[in-house]
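A quick write-up on the structure given underneath.
Here the chain labels run A, B, C and D in written order, and each chain numbers its own residues starting at 1.
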Amino acid sequence: MGLKTGREYIDSLRAWGLEAQVMGQAVRDLPGHPLISPSLRAVAATYDCAHDEATRALFRVVSPLADQEVNRFTHMHGSPEELISKVKMLRHCGGLTGCCFQRCAGMDAANAVFNTTFEIDRERGTEYHRRFRDFWAQVQRADQVAAGCMTDPKGDRSKRPTEQADLDLFLRVVERKSDGVIVRGAKLHQTGMVNSHQIIVLPTMSLRQGEEDFAVCFGLPTNAPGVHFIYGRQASDTRKLEGDGLDVGNPVFGGQEVMTVFDDVFVPQERIFLNGEVEFCGRLVERFAAYHRQSYGGCKVGVGDVLIGATALIARMNGVDRASHVRDKIVEMIHLNETLFACGLAAAALGRATPAGGCEADLLLANVCKLNVTRFPYEIARLATDVAGGLLGTMPPARALDDPVTGPYIRKYLAAAEGVEVVDRMKVLRLIENLVAGAGSVAYLIESVHGAGPPQAQRIMIGRQAGLEAKMARVRRLLKLS
Amino acid sequence: MGLKTGREYIDSLRAWGLEAQVMGQAVRDLPGHPLISPSLRAVAATYDCAHDEATRALFRVVSPLADQEVNRFTHMHGSPEELISKVKMLRHCGGLTGCCFQRCAGMDAANAVFNTTFEIDRERGTEYHRRFRDFWAQVQRADQVAAGCMTDPKGDRSKRPTEQADLDLFLRVVERKSDGVIVRGAKLHQTGMVNSHQIIVLPTMSLRQGEEDFAVCFGLPTNAPGVHFIYGRQASDTRKLEGDGLDVGNPVFGGQEVMTVFDDVFVPQERIFLNGEVEFCGRLVERFAAYHRQSYGGCKVGVGDVLIGATALIARMNGVDRASHVRDKIVEMIHLNETLFACGLAAAALGRATPAGGCEADLLLANVCKLNVTRFPYEIARLATDVAGGLLGTMPPARALDDPVTGPYIRKYLAAAEGVEVVDRMKVLRLIENLVAGAGSVAYLIESVHGAGPPQAQRIMIGRQAGLEAKMARVRRLLKLS
Amino acid sequence: MGLKTGREYIDSLRAWGLEAQVMGQAVRDLPGHPLISPSLRAVAATYDCAHDEATRALFRVVSPLADQEVNRFTHMHGSPEELISKVKMLRHCGGLTGCCFQRCAGMDAANAVFNTTFEIDRERGTEYHRRFRDFWAQVQRADQVAAGCMTDPKGDRSKRPTEQADLDLFLRVVERKSDGVIVRGAKLHQTGMVNSHQIIVLPTMSLRQGEEDFAVCFGLPTNAPGVHFIYGRQASDTRKLEGDGLDVGNPVFGGQEVMTVFDDVFVPQERIFLNGEVEFCGRLVERFAAYHRQSYGGCKVGVGDVLIGATALIARMNGVDRASHVRDKIVEMIHLNETLFACGLAAAALGRATPAGGCEADLLLANVCKLNVTRFPYEIARLATDVAGGLLGTMPPARALDDPVTGPYIRKYLAAAEGVEVVDRMKVLRLIENLVAGAGSVAYLIESVHGAGPPQAQRIMIGRQAGLEAKMARVRRLLKLS
Amino acid sequence: MGLKTGREYIDSLRAWGLEAQVMGQAVRDLPGHPLISPSLRAVAATYDCAHDEATRALFRVVSPLADQEVNRFTHMHGSPEELISKVKMLRHCGGLTGCCFQRCAGMDAANAVFNTTFEIDRERGTEYHRRFRDFWAQVQRADQVAAGCMTDPKGDRSKRPTEQADLDLFLRVVERKSDGVIVRGAKLHQTGMVNSHQIIVLPTMSLRQGEEDFAVCFGLPTNAPGVHFIYGRQASDTRKLEGDGLDVGNPVFGGQEVMTVFDDVFVPQERIFLNGEVEFCGRLVERFAAYHRQSYGGCKVGVGDVLIGATALIARMNGVDRASHVRDKIVEMIHLNETLFACGLAAAALGRATPAGGCEADLLLANVCKLNVTRFPYEIARLATDVAGGLLGTMPPARALDDPVTGPYIRKYLAAAEGVEVVDRMKVLRLIENLVAGAGSVAYLIESVHGAGPPQAQRIMIGRQAGLEAKMARVRRLLKLS
């Protein structure tokens, strides 16, 4: 079977039969729901790019696992060059959709599980890696989307899993059976969850002896019994329900965040990739973090490209694109955006071969990448707001355009540089609003802070990976200290 | 008649009979409309504070103009101390409402007109100042809200008013009559417009010879014939229509932005405060800017207080308030917020007496104040997002709480530190969301950039006011240059 | 006796007979030593300004203590207005000298002791305040300079005074006698010490029970037996010894830092202002910090004025003063500099009357002021470096101008805009170098970080003073939390 | 002949017989002069590293040009991997020496000339590339240092070369002869010049028709007749003359900046690589800039390593290395430093093959790299200053340690954490001072701003290279604009 097109992907998802709770109501036709369809279209774009002539080479790669050409989003990266291609692919998708396209977390989780299970098996004689290879080859052949599920609710953050008032606040094994385990818990912030065919669950952090029940990693189809989806809200989300007006900002694409509940869900033995080996949780988590933090140097840069393009466009429409301060602000936006890209590329360029035959991103630089992502998009958004003007926060609704009294007023008074259609200008402003203070800001700002872990998580890793003792030793030698 | 209470203010507004186009529909009962009522409540708070024992002294002042005690929001400030009181009052209101309370622009415009008309009369023998005093004493006695209207649509920003394809893109006098003038045009970004009884229209910028028709300043009741209001959209605005759920973020208060069209509106002679004297436009505009830019060192600081308080609260609810990095981030938020306050205070402390008997804010420091306001709230918002966590962008809707399946899941899995009600936690998160990526961000972020003029406007003034030649001369002397 | 002139001050200092260890040698004629004379001239400028017609009013004030007109540098400030005058005076001095003029720490220490001793006496029945008034009235009448001495060496910073291997690492009373005490220890970073007639010693931090020996505050003439001065090095300090070449950067003025050792020094009873009352140390220290941190919003702003002026001048000399990016950078420098000034003014404007009849700077805003001072000068210096050009780091020495071969080359190839003397251009570049990477950077950069306490000290105070609980309570009310 | 050792390099340089004007005096034994020897040792380190087992592989590479193993500092890079190796090599050298090691500009200039001359020859039928290959193969075989010379004095920066009052303010051909040309002019800011055997001169900027005389590129031995060197000053430079005291900061290594005058120097035909082809100047200059701006992502990062190591060490010596704010500051320093490294690596990873068989750094990312270098070192230096403490600006001189009175005081009162030698602590402080406000700051701060072109030069390139039109087109498509 060849790689799916976007349309085939959407069909496959429709056939998958997921149900979710959306805005307080149970919804069965998820692909048909106007709140959700933009996020499906964003995922579908990752499929179509593998068929588009211009991007086909970037999105396809031969996988030794499935022994066939696969979509790079399901690939186990094997070299620094392939990690670089990943970053380029992600940037392309961000620039195409102007939003989070939701297919990275699963890719990054799979790579982490692939490499780490190999090492567990080697050290423990388990067969997790074999199981994962089987599981993943299926995903590759079926060209499916997998959601990476990591973040537990965590309850009182000052307490360990076993100290919580409710033990379920960290997902855990509540029963071990001969043919599998029963798990209970929840995962928050699941990007793209109800657009996915498969789930990969990982522990949320390093674990210690005594916390074995929480040390569980597994794969599961999203339509498995006992899995519940509660669709999250985003700023201005209901504009997607307002019909085809331009107020939605991004007219085609959007993101998706879900809270996923595992209410005593059975996981068969063959899908379990970690089960109680607490000492490997840290490695698994850090590796996922490294892959995923590096990814942010691609996807957010692509969204940044859209915001920069829109800002340059509105400047031209307003007749100020030649003003030196406007040019300077746009250069600054580019500079910040490309710095993020550079960090993603560099973490790839220093990628290291793993025992499993994969390639992992440089841990230090991947964290540096993500820490910059927690900062620069805010400054880019601020500059976009500056250049775009106050209409971002005050513009009349699209509906007012249809009104016989107000429509003509709006067309008359929002006219700008010669030759610019007022409605086009409004569209560009709404797209910028979407990214700086609307639905798109969830991915571009909030997720930039918290996705793949919050800033402090990166700082801790940076502190650990920096080789501070070696730097001090070097100074001691230079100064010939006693 | 004593000062109005909030309720009396709302009643007076209802009686005023305004109509506006809201989300594509003509609305007559504005105070009763759920999109608009939060913004009325915010204005009402500025009335109630003049009755509240704790704040009465700060909000009341005796005006020589009306010869009675007035609400400070209608006061012509007479000393640095009174300008300091203004900043404190604005900070209080921001902290009380957590939003833009919409009564500053009118106050600041009135002070600018008051002082500048005196000087025009003195130099030109006009009687603008007398007219304005009469007009304003009425406003004070009736304890009314006036909206300051400045920003013209401006069309192609690379062109002067007379060069625009449509001359109406800058508001202008289209006919001069014996008893007044007819004006045509629009004003954008009108904060609190349909909450106001009166309008003060000012020119949008310095003007030159040949641009006399655009050099017009006047007062007018908001219910004057020919004035049309088109209500602007804000991020997540329709959450206000969703009933009493907590998703609205700020459960009581909100802001308002309006596009106001003047479709051949008659302005009687007695209400005209400038009419063609182009050479005074710059002074009027700069003075308004100085008052208004200084105001931002109060109101936004108050909103910052709310965001800081909410951030500290969510940290405690999450059990991380003792973590050193969290404390450090909150200290940083405070530091930035207080720096803004310091700038507002300093512009007051160096206030200068005017010939009219008023006191004007220091022009340089008022611009410095506002330029900082265009920056720090973004960093404060970023830090709030960091501390608050990813739920800001992924939390299920309030409605899901009522569902028998999802409600219990949410209550179970969003539990945090002991003793914290899940719904309380959700409320705090929604308030933060409101300010960083929702309706509140229009005032806290977008308006912080563009209100009272965009950053570049402040930079130009700072460059002009800095006394650069004197600094160079000082260096020349120190170095004994030839 | 009237207020001293600069010359009279220098004469008085010469007569004072101090000796210091300078660059490894004992020096007796301090005013005549070329490393030291620039710092004396800077102090002398604070005297001359009290005679200069243009600044006389700002530098003179009637002191109730001495019941006569005094130099404001010896004044006990009595109102917010006087604190504002202090900031203006300090900015003037910084702008005049382009360096630290070394007379603030004593002024600020005196104000802290003045106000705090009053409260100790009231609560403890001691007579410290009376003693201090007597001491200080003498200083005022003799128009002397007092050095404020606070920073103890502190040894291992993770340990309390009594836990140090050497108890003397915090200055302490080693013997109590009927007529006074013997103290031992050292004070570091003493700005202007060997330019001073008097010393005011304060404890370095809050102290606890059991640390009474370290809780000592006193006044002493600098020429008291047992006091030793070790002159500190500064970057490029020996350029002052190179003759009258322009490489020194600042041709007239400079700063001074000293390590002061108290080797069993006797302090008579009448000069002791605190002796074991550990519970007042925190208040004394915080108060001094507040006065001194507010001062930084004046002095460093003045030095910033010089750096901005020099940068504007070199831009003009290079022919780039019209380039938009250069203008923009200079505006940014001004903006940052004025923000510091605003913070200093605001801490004054919210000054509070003390029981002793003084006025203390707002503790929160004074700390905010200083925290900004630990940041902005670095950015100002970076921008100055950017505009000035690479010659800052590569320019030939002044001596090369005299060489018959190289002199003409330098004059030929360092020519810039028409009409600019090469030597003038070199002078301006050397002045900038002095401030960004030379002797002046000690005061403008390093001292901006550490003077009046390092950033973390300010952060702790900001955290404490911010009223965080009140902000949270406000949010609870707004959200009607359970 | 094998690759030189550091000692052999110094010997070769001594034999080269250069003379320079140093501090106003003609100096013939440059390697023996204490102001200059530290900079020779830094260059020598780049030689020794090619022999050190630990770094040999990184510093050696087989050159097709010379058909032998060469020091990578003389290599024409042939692939992204080799550009990555370059960055790693430069970081290593920076970390070893703690200063600018002065061998990059020549390497980067050579690569630019190598690639560009190939294209000129192809388009113009010239033989510049052949000449350059011959020249450079000699340099490689002799393992020599070449200085890249680019920056002309430029006089009045608002004028073109031909508009200057003195035409020599841009280096130019003053006479064309059958066997070569005579050039006149100067080059400023020549890093490592009098440590070099060869000079490569490039034009300073893009040139136009009519400016052919300035479009000249050539190679020349540094000891050619008519070339004059004027040694530049650095902050605190004369501490190198003070003997073996620790005040010098960096006890072994240092940098060097020179003004080089070409007083009618003859350049033989075989050494001319560009002669009047103005249309290639831009390409040559941009290419050099790209190589050199990428290099800054290596060398400055290495110096940053030293500063970070020294900061961590002084924190430990002071007993504060466990304080959370100190750890946080050090993490921030690392983060910024690694971001610079990431940019250098990324510009390499996206390197492109050139027609000449070389590989050029990505132009956009190389400029992004350098623009970050103009910023982050200042923040790193500020944080280092913060952690290190006020002694950076106030510490007594090393000489005072020998004094029988002050020596014991210093040893007593500068004691810190247990087991720390006071002199060791002083050495670390002096090293930090060296980098933040001393001789080292010339390379770490000033050169970080101006080396390889000032920030505005990078901004212009970033604006040009960003593909802004393509970004706008993408937005147009997404929004289906009319």
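Observations, loosely collected:
Here is the rule we use: a contact is a pair of C-beta atoms (placed from the backbone, for glycine too) under 8 Å apart; a residue touches a chain by one contact, two chains touch by 3 or more.
A quick note: this is a predicted structure, and the numbers were derived from the prediction, not measured.
Contact tally for A-B versus B-C: the pair with more C-beta pairs in contact is A-B. Chain centres computed from CA atoms place B at the largest separation from chain D. With centres defined as mean CA coordinates, chain B is found 37 Å away from chain A. Centre-to-centre separation between chain B and chain C, using Cα means, comes to 40 Å.
Among the residues of chain A, those touching two or more other chains are numbered 325, 328, 459. The touching residues of chain C, counted against chain D in their complex, run 21, 23-26, 151, 153, 155-159, 165-166, 168-169, 186, 188-190, 228, 230-236, 238-239, 247, 257-259, 261, 263, 318-320, 322-323, 325, 374-375, 378-379, 381-382, 385-386, 389-397, 399-400, 402-403, 405-406, 409-410, 412-418, 433, 436-438, 441-443, 445-447, 449-451, 454-456, 459.
Of all residues in chain B, only 324-325, 328 touch chain D in the complex they form. Residue ranges of chain D in contact with chain A, taken from their complex: 80, 84, 95-96, 98, 250-252, 305-306, 308-310, 312-313, 316, 327-328, 330-331, 334-335, 338-339, 341-343, 345-350, 364-365, 368-369, 371-372, 421, 423-424, 427-428, 431, 459, 462-463, 466, 468, 470-476, 478-482.
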